[in-house]
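Here it is, the structure, as structure tokens.
Chains: A, B, C and D, in written order; residue numbering restarts at 1 for each.
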Amino acid sequence: MSDSTAVEGAVLPALRLDRLPEVTRALADRADAHDREASFPADGIALVHDAGLLTATVAARHGGPGAGLTDTVRILRALGAGDPAVALISAMTLFVHAAEARTPRWPTAAYAEFLHTAADRPALVNHLRVEPELGSPVRGGLPATTARRAGDHWLLTGRKIYSTGAVGLDRMLVWARTDEDPVRVGSFLVRKDSPGLTVEPTWDHVGLRASRSDDVLFDGVRVPVDDVVALAAPGPATPDAVGGAWGALGLTALYLGVAEAARDWLVGFLHERVPTGLGAPLATLPRFQSAVGEIETALTGATVLVDALAADIDAGDPDAPGRAGAAKLLGTRAAIGAVEQALQLTGNHGLTRANPLQRHHRDVLCSRIHTPQDDSLLTAAGRAALDRHPLAAKDTP
Amino acid sequence: MSDSTAVEGAVLPALRLDRLPEVTRALADRADAHDREASFPADGIALVHDAGLLTATVAARHGGPGAGLTDTVRILRALGAGDPAVALISAMTLFVHAAEARTPRWPTAAYAEFLHTAADRPALVNHLRVEPELGSPVRGGLPATTARRAGDHWLLTGRKIYSTGAVGLDRMLVWARTDEDPVRVGSFLVRKDSPGLTVEPTWDHVGLRASRSDDVLFDGVRVPVDDVVALAAPGPATPDAVGGAWGALGLTALYLGVAEAARDWLVGFLHERVPTGLGAPLATLPRFQSAVGEIETALTGATVLVDALAADIDAGDPDAPGRAGAAKLLGTRAAIGAVEQALQLTGNHGLTRANPLQRHHRDVLCSRIHTPQDDSLLTAAGRAALDRHPLAAKDTP
Amino acid sequence: MSDSTAVEGAVLPALRLDRLPEVTRALADRADAHDREASFPADGIALVHDAGLLTATVAARHGGPGAGLTDTVRILRALGAGDPAVALISAMTLFVHAAEARTPRWPTAAYAEFLHTAADRPALVNHLRVEPELGSPVRGGLPATTARRAGDHWLLTGRKIYSTGAVGLDRMLVWARTDEDPVRVGSFLVRKDSPGLTVEPTWDHVGLRASRSDDVLFDGVRVPVDDVVALAAPGPATPDAVGGAWGALGLTALYLGVAEAARDWLVGFLHERVPTGLGAPLATLPRFQSAVGEIETALTGATVLVDALAADIDAGDPDAPGRAGAAKLLGTRAAIGAVEQALQLTGNHGLTRANPLQRHHRDVLCSRIHTPQDDSLLTAAGRAALDRHPLAAKDTP
Amino acid sequence: MSDSTAVEGAVLPALRLDRLPEVTRALADRADAHDREASFPADGIALVHDAGLLTATVAARHGGPGAGLTDTVRILRALGAGDPAVALISAMTLFVHAAEARTPRWPTAAYAEFLHTAADRPALVNHLRVEPELGSPVRGGLPATTARRAGDHWLLTGRKIYSTGAVGLDRMLVWARTDEDPVRVGSFLVRKDSPGLTVEPTWDHVGLRASRSDDVLFDGVRVPVDDVVALAAPGPATPDAVGGAWGALGLTALYLGVAEAARDWLVGFLHERVPTGLGAPLATLPRFQSAVGEIETALTGATVLVDALAADIDAGDPDAPGRAGAAKLLGTRAAIGAVEQALQLTGNHGLTRANPLQRHHRDVLCSRIHTPQDDSLLTAAGRAALDRHPLAAKDTP
């Protein structure tokens, strides 16, 4: 079939980037309801799946479209403009497929099986890393979640927090330590509905409410002994600069989509609102034109920046991943700033829940909480700049 | 000859982008003296010429290197880091050659003659547009400078202000009106040392002092009747979006170069400065690392943005010129902000004239004064965003 | 009795400023529940009444404590730190009493009767001014709400929006026009439970949810013919500079209270949060100390500013009211900025609804929507500065 | 005489606050020349002396006007608006007199003699504290400048930097250590023209050029053995909170004066500038009105803040000195921000040395360099806020 992609006897949905605008609209129609109820957006995920967007990054060698980061940021910006909760849940799956496309690390059978599922229905996967005691895992340390060897299985016990899309995940890549001596760490592949697996509905955030980033409890969950990704001695994580850049640029694009939705609502409002005393739409006032110009300029700059780095990364530019942190910091600031300015311009209209702007605002505030966070990015960027200086060597004794 | 480019019997200096670092250093060595004396940097211009940078944008069909905007922003960033006055004077010449490469408008003989000069020595050219009474010409209106027909010559009379590099220009493209009925406007080509031409040393700015952007008086200056570029009926200027983008991106790159020089000085200072109480360089303090990170992040983002749009424009992307305004606004803000932060971090050390930072600061403040200015950019960006909305049509009666 | 104040046979609750801390705490305990349910905080209003805070500004000549603006900003800051919805509802009543204390305008009997009610139980009053068609009334124009004369009564018909505390008001001062020729405008005194009066629960804001600033419908509501305040020919409102300053400073203080609550939560969080890798509270890190310092500095400055102007106004300084707009603009920016910074510092912890910071954030964003809004304040301040110049006269033809 | 103040046989000039406007104007007339030449403004100091402003803070018990901080900030704001170099030099003398008025620490004869000089002519005095090796003295450490005992004199040797007004000082209070065992530190009183005293004209700053904050070298300068102020064992400086507040508020007022001068120039420019296309002054455009409103609002807020704290300090409020740091940080930011905005609004006109705005800008940037600097203020404010929390005790082991 010309319209689809074959994978080992299964057929992934064809990638239909041309359907992005309609997907955005359909997601937007349901976003308010999901936000109010903080309900998992299964309907939205289905739409994303149907348009082939959820499997866009499956490698060509696996029968997928092999979309790069350029397409991924385009997809995530569009989904983010519709419903950023759907976009975030989708992003996690896209990132897992993209990582596997770059460097195969899953057990072969496990990935093939997962792709078969993905051909049938929306198949979500996500890394579960964060634990209550730990702070963010990227800053080092052993996980408390522990895999105990029992014959041909691991028994996994622990708690993960901030587990985006937990109730809808087909697979969880649970970062855990073994109880071996010497200890090893890796990502244990847990299937949905495994006995001992419980999702606790702890997520009650101001924003991205439908992302259901709940706690997940593992109480002796069985994982086949080979279903572990990258099991190895603990140590300073080999920095995956390209993977980090996918995350940074992909999520920045997602929140730029939120800001675009806010801008679009604002533009419509300014056209529709005709104060009695003015007799013309607010859109005709220089003050509002200039303010919209600030928003537009910020979003244009951030979008060009993200797109340019995504293209550079797809082209294999070795310097590009090192600039992704700057794009995240500047891009999320631009997105937040744009929505905040829209709020300032619209007074009560922007703050009432009858209009979506306040939701965009609550959502866009979540852009800062994804790692790496601003303070880490700034310190890293500063050290890199300082280290390029000839005198840098002598600072460190 | 492998090292040069032939042009109709003359030889333009070969374009040596590899020499940019040394040119930057050589310009930087002399920048303080030129700033203090507000003296025309003829020595720096000669260096730029020798490295083929001043003729980089001469079209291949004219025997030049035919450099595009990608190379031009690279050149101007490097020159700006050395001496932005040299860079600004050079930029004007580069823009004129680039415009002629895109769309030939000079009289053929006049351009050929100018290229012969450019093969022999640094040959500078600039548009002289601004007049005391007019405000900025891009906002419309007829010039007061008038060309009166006298046989096979025009006699040109008027005053131009902000004429960058005036004392060093080989050619001036003087925007003027004719005394005909109906009136025409165009750029009259004036040669250096023409009788009736006087440069008044009125330029006494806080920054870019060596750019010598003086007043130029024309008192019946003779211009051969054919030496006029684009003589035509006045009217709304055909917007030259690509030319505008060259100016916006080129000058933004120039000031990003200034900011890079400020960052480099700051980084050196932080490595060299070892407070007694600390016993280690300031560079080891998280507070300074984070602050340098802010600067580095801003400059990285702005540089990627400018470079990406320059590449898009070279590739003929029709949407790219429309984004150049955003890059100018964001890029000059980034440049100014970076230098201001460096000033804040260094106290008395940054403000003393014994160190170059205060000069970088005075120079970078000039970035905002080049047209289009921020308020115009914002209003234009806002209107464009508002006009994309379906309701836009009904706003205008 | 030493503990109370006599009023024409009734006894207003004694003003107990010493009880402010406990009232703040009690309100804070219930604020989350009222926010989630968007429920009218009758319990909180009762506490405010019991401590004599709701009648603090009743004039001494009416048997009240006669508190000035100095005490009022202190009260509103404390109430705002507890529950800004309670504070806002209370503020409206305090402002009405204070205005009556400065310049009696109520019918004598009506005010006496209202004070008797206020002696018995929490008696709330508010001006209802804003209408859907009108924009904000301070910018001029006739109200659409109309009073038709019917014998010894007016029959009031219309709709008011943003009617803070509507369901709990004992009295509404409804700004309306008469159907007379020539027309008059004034504030018609409507009692709770009047036939024809309906409160529509339209208020669904992101912040100040418990303020219940609903729509109120009047369908032929009877108002005794004398129960009208300041009935007069329409015209440019006599600017009540002192009354405007009470509103501006009082509401700014209220939101500074919200910001104080946010700061206090942040400080506690930084003391309690001990990252594993750090082994000490976040409060020990210079980065957080400096960030708290930004917040503290902003709040200190804004609080001194508001308090100083309040004292000046109580002292009758004629220049002070003209500075109240600056205090509102700077004070609300400081309050919003402080809470936003706290959000940035605390990531997921600040954004989860398990913690109050996100509520403080949603609440403090409402500070900007009270008139006069920032754009009006800035234009007014700018014009005043420009008009002081000798050349100002010639600008206006 | 009714118009003067008697002091032990001498007569200090009468304090004439009513002459502040004319002094401001006279200083402003000469400020540009002093800035260009970086020349000591002896003429301006004479004007300040003649109006009694230089001795305003001499205590009543010494026959002076005994002006408090309220008058001092008023004086310094007015002088700063005229010529901040004159203001800064004067401020140092005012602070010394004020400190002596609060707590007598000078040798009696030495102070009496100094007052006699001050009756005859402008008598300047300043603390010389900073040394090249030391960083700022407020952060602790022993000075390198050393007093060696030789009979009934000390012989003082060392170098001080940033010695404001050095060439014009009648007295220098030179912070130095003795060569005794155990060592003592104190302020050694050096007279002008002492043998061994050399002023090196090292001051070449971008701003406050006429303040001549040069290096001073002491090569065995003789100081009578009793002419030492506060000679004592070294140790953590007893924090002089009130003295610190005088410095913080006084200097902030000075720079607010600079910003007022910038605003006044801007206002005049906007009235005078009539673009051809507009046909009316820029002052009539809402964009400029709003921008002036930003500046005006910032300056109003900062001025009320400084004035309020000055009054509180004069009234002995024990909490007020602790808030002076906030006023310095917010006030200098307001001053710098106001001038920067004026620069942004005026393009080339603001940046040319033909207009004073660029000088105001260079001057106002110096506001940040006076101790305590922003980072110290923020950390101190943050720690104070954190330390108020009940959990604070447990942070420190």
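Observations on the model:
Basically, a contact is a pair of C-beta atoms (placed from the backbone, for glycine too) under 8 Å apart; a residue touches a chain by one contact, two chains touch by 3 or more.
None of the values given here were measured: they were computed from a predicted structure.
In this assembly, B is the chain whose CA centroid lies farthest from the centroid of chain C. Interface comparison, A-C versus A-D: the higher number of contacting C-beta pairs is recorded for A-C. Distance between chain centres (mean CA atoms), chain A to chain C: 41 Å.
Separating the CA-averaged centres of chain A and chain D is a span of 54 Å.
Multi-chain contact residues of chain B (touching two or more other chains): 286-287, 290, 375.
Residues of chain A that touch chain D in their complex: 286-287, 290. Those residues of chain B whose C-beta lies close enough to touch chain D in the complex are 133-135, 139-141, 162, 204-207, 275-277, 287, 343-344, 347-348, 351-354, 358, 361-362, 365-366, 368-369, 373-375.
Touching chain D in their complex are the following residues of chain C: 263, 267-268, 270-272, 280-281, 283-284, 286, 288-298, 300-301, 304-305, 307-309, 323, 325-327, 329-330, 375, 377-386, 388-389, 391-392, 394-395.
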